[in-house]
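By written order: A, B, C and D. Residues from 1 in each chain.
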């Protein structure tokens, strides 16, 4: 058992990230791209890696207020992510709908549709805040492995 | 019986199997770390590929509903096993020489084609349109680079074989032994076209930028690997790690085997392969952009093929002049 | 060139709506013959959040912030044009200092937006090191925004009757320092994009749109300027303080992906010059009119040059706090149609590069 | 710039990576993040509630007075409330550590209570708000402000009127 636990401790050092854009204004997405790719924040230090396919993902970051049009696509992609996975809502839009809350075209808050684990408020959140959220998500992911 | 056990050990432990796997993953880790440094980042720890592999072991493998399950799951397995065996065929100068029955360049060439074919099968079996594009691109790329490598190998074989008194040899052990006595082919002007052609071959075979076209993430999402997850994806990672060892090991055996024996030779070989990985793969990978498949195809028909033909001609002429 | 007989017939591949190469959900159905693109069907609406409806639920003050959230990459141009329209209706002239501060906010956003676009171009060609380098340079602009305005994307600089932020001597010195850091880097990036083989190989002659085609579909912004159309709202119809500033307009002839990238890079360099000039000439005085001005009934149209091109706002008020109608035409809407011309003879590998080259802002277009 | 120069530069300079999350992160002074509310300074004009574009700010009448709630899960951090607040009771701090687990989602609130008080003059129950004193000439002294504060809105008007005549 301890051996398995040890292995799991190693496994959490490799959280692969995938982002679902639920109709966001780009702000959070640009910040995610910034967080993911540029030398200044370098999430690869934590073993994180952005992957192109949902099937490779461990931590899924959802941005945007989840428009009606994108809802089905987002759910389909979400289901393609193999378990165990952790969901992070990035920005205020997925958490509550933010400024678009009252619109007819918006399905937020997303916790009606996806089991959200971590919220990162901000409009958009700074990259450091996103990293903080990802760190929280990794801790949750360890328990689920 | 003992020779069979020795072969089994060679495939499973050293220099194939466990050793090649650990070395391959370590090479990948070093590659990522150094690439990060070149890009001005800290980068992941050296043993990151091991973490990735352990992680993938804990995940579920999902088989898409449109996929043909047997082929989908068999492809990564076959690819990894083929690479495991070919790792045992690579001689390490002064440390390990493969069984003469096994250590044949032609067998190695066939085995080297297997991962590509597996990727193609994986792409077409996954039932995704991106997998299909990945399939066609992998096929085109293989057609482009398989020609030159056969000619390169023939040139090296002829150079050794003619000097040894017969027409051509396909025994890697013999090629290594010849160079240990007569010096590296890398410094032999007649072999320079072959060296240059090989320098174009290995990035394509390893699937790194600028020739990572079948798996281009931003174009076809990861192509054949798109639908893979969990342990099956892990097997593909194992395959590519082993492939790095095999291809670079082949390069060392063909052009620059060390003339030492014993532990020094082993350490020397490790240094060689790490340097090749960092200079030949990492630096290239981060300093170039991707080619388009049609550009790559034309490029391969032009330069490496010409160079490979030139190398065979040069070897033949040199032999003719000498005799 | 096709390797597999199965694929030699035309097949359809879906791109998106959630695709790693696309920053935003966008759905293309692409007919391909092997690697060649034979037809494109763009299917829009995934980012429709009903913002136009929401503008008619919010007061004028709230709308300044709401329009900022239409799109984060041109997040300054939307509120700027909106408040310009409101000021036309109310007959307000903003203080001189506010006009200059508006230019500062707009140009800082332009620098960051253009650098992001050219960085993504490098990413799409698989040239990771250049991508990271450009993004790292962009961080200077991001830091500038965060330090001066308080947020990395949404500046919250505009209010009806002026601006909401002020620059003291310390901030001005900081900005000049950041510009000094930025300028040589931008010059070296321009040189790289001009000479680097990897970039040139993938962008020269790709996604070409001719001048007459660009006029026919009504291209605006860098897309138009890269096709040889000399049109920039900052020069044609100066607003804010642009009539007092020298605004060079880079124009190129080829109309391919590379020209568009180069136009953007030159504009970054020019924006830095404009910023310097602004900071040097910055007049003193008030930064806004103080209270929240009443907007009488009326109609107005305002336009400005967003990073992506000409942005037009129509505003109709009826004397109440909530506007009767707000409607805007975004630059990406005009450039969108140009994609049909650009996709002619393209390869699958070029799709993402071409789409990125018009710097599509889907969230602006679909609101 | 050619890639070799860039290689050399990156290797020479070392990584550009920030130490965060393994060390402190730099935070600019003017960063617009968590909203703070000081009920002592609030004038009770509810302008922030009115201008908030996301509807994140709510004032509620309770038996104990008037409560202020700013929901950080809805707030878009635009700073409009701070900009329009006449007494600077609502402020935007630069504390950006807002990431939280889902269980704490409904605890992300900045809460404040403007308590009721008894008017010293007429004995009526009224809110203990900060009086709006910026436009009064000549400026009020500190004792005058505290006297004004202890009164209900009606008596405040009376107090100011009597002050003008004197």
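The definition used in the following text is that a residue touches a chain if its C-beta (ideal position, glycine included) is under 8 Å from a C-beta of that chain, and two chains touch if they have at least 3 such contacts.
Since this is a predicted model, take the numbers as computed values, not measurements.
When chain centres are taken as C-alpha averages, the shortest distance to the whole-protein C-alpha average belongs to A.
For the pairs C-D and A-D, the count of C-beta pairs in contact is higher at A-D. For chain C, the chain with the farthest CA centroid is B. Mean C-alpha position of chain A lies 30 Å from that of chain D. With centres taken as mean Cα positions, chain B sits 36 Å from chain A. Averaging Cα coordinates per chain places chain B and chain D 63 Å apart. Multi-chain contact residues of chain C (touching two or more other chains): 20, 65-66, 69, 123, 129-130, 132-133, 136, 146, 151, 154, 196. Looking at chain B, residues 36, 38-43, 217-218, 221, 286-288 sit in touch with two or more other chains.
Chain A has residues 39-40, 42, 45, 52-53, 98-99, 102, 123, 126 in contact with two or more other chains. With chains as nodes and touching pairs as edges, the resulting graph is complete, every pair of chains being joined.
On the chain B side of its complex with chain C, the touching residues are 38-41, 129-130, 132-133, 135-137, 139-140, 143, 209-210, 212-213, 216-221, 286-295, 297. Remark: chain A residues 7-8, 10-16, 39, 42, 44-45, 47, 51-53, 55-56, 58, 80, 82-84, 145 touch chain B in the complex. On chain B, the positions that touch chain A within their shared complex are 32, 36, 39-45, 48, 50-52, 54-55, 57-62, 217-218, 221-222, 225-230, 233. Every residue of chain C that touches chain D in the complex is listed here, in rising order: 58-59, 61-66, 68-69, 129-130, 133, 136, 143, 146-151, 154, 156, 159, 164, 188-189, 191-192, 195-196, 292.
Here chain A touches chain D in the complex through residues 39-42, 45-46, 92, 95-99, 101-102, 111, 116-123, 125-126, 128-133, 135-136, 140, going by the rule given at the top.
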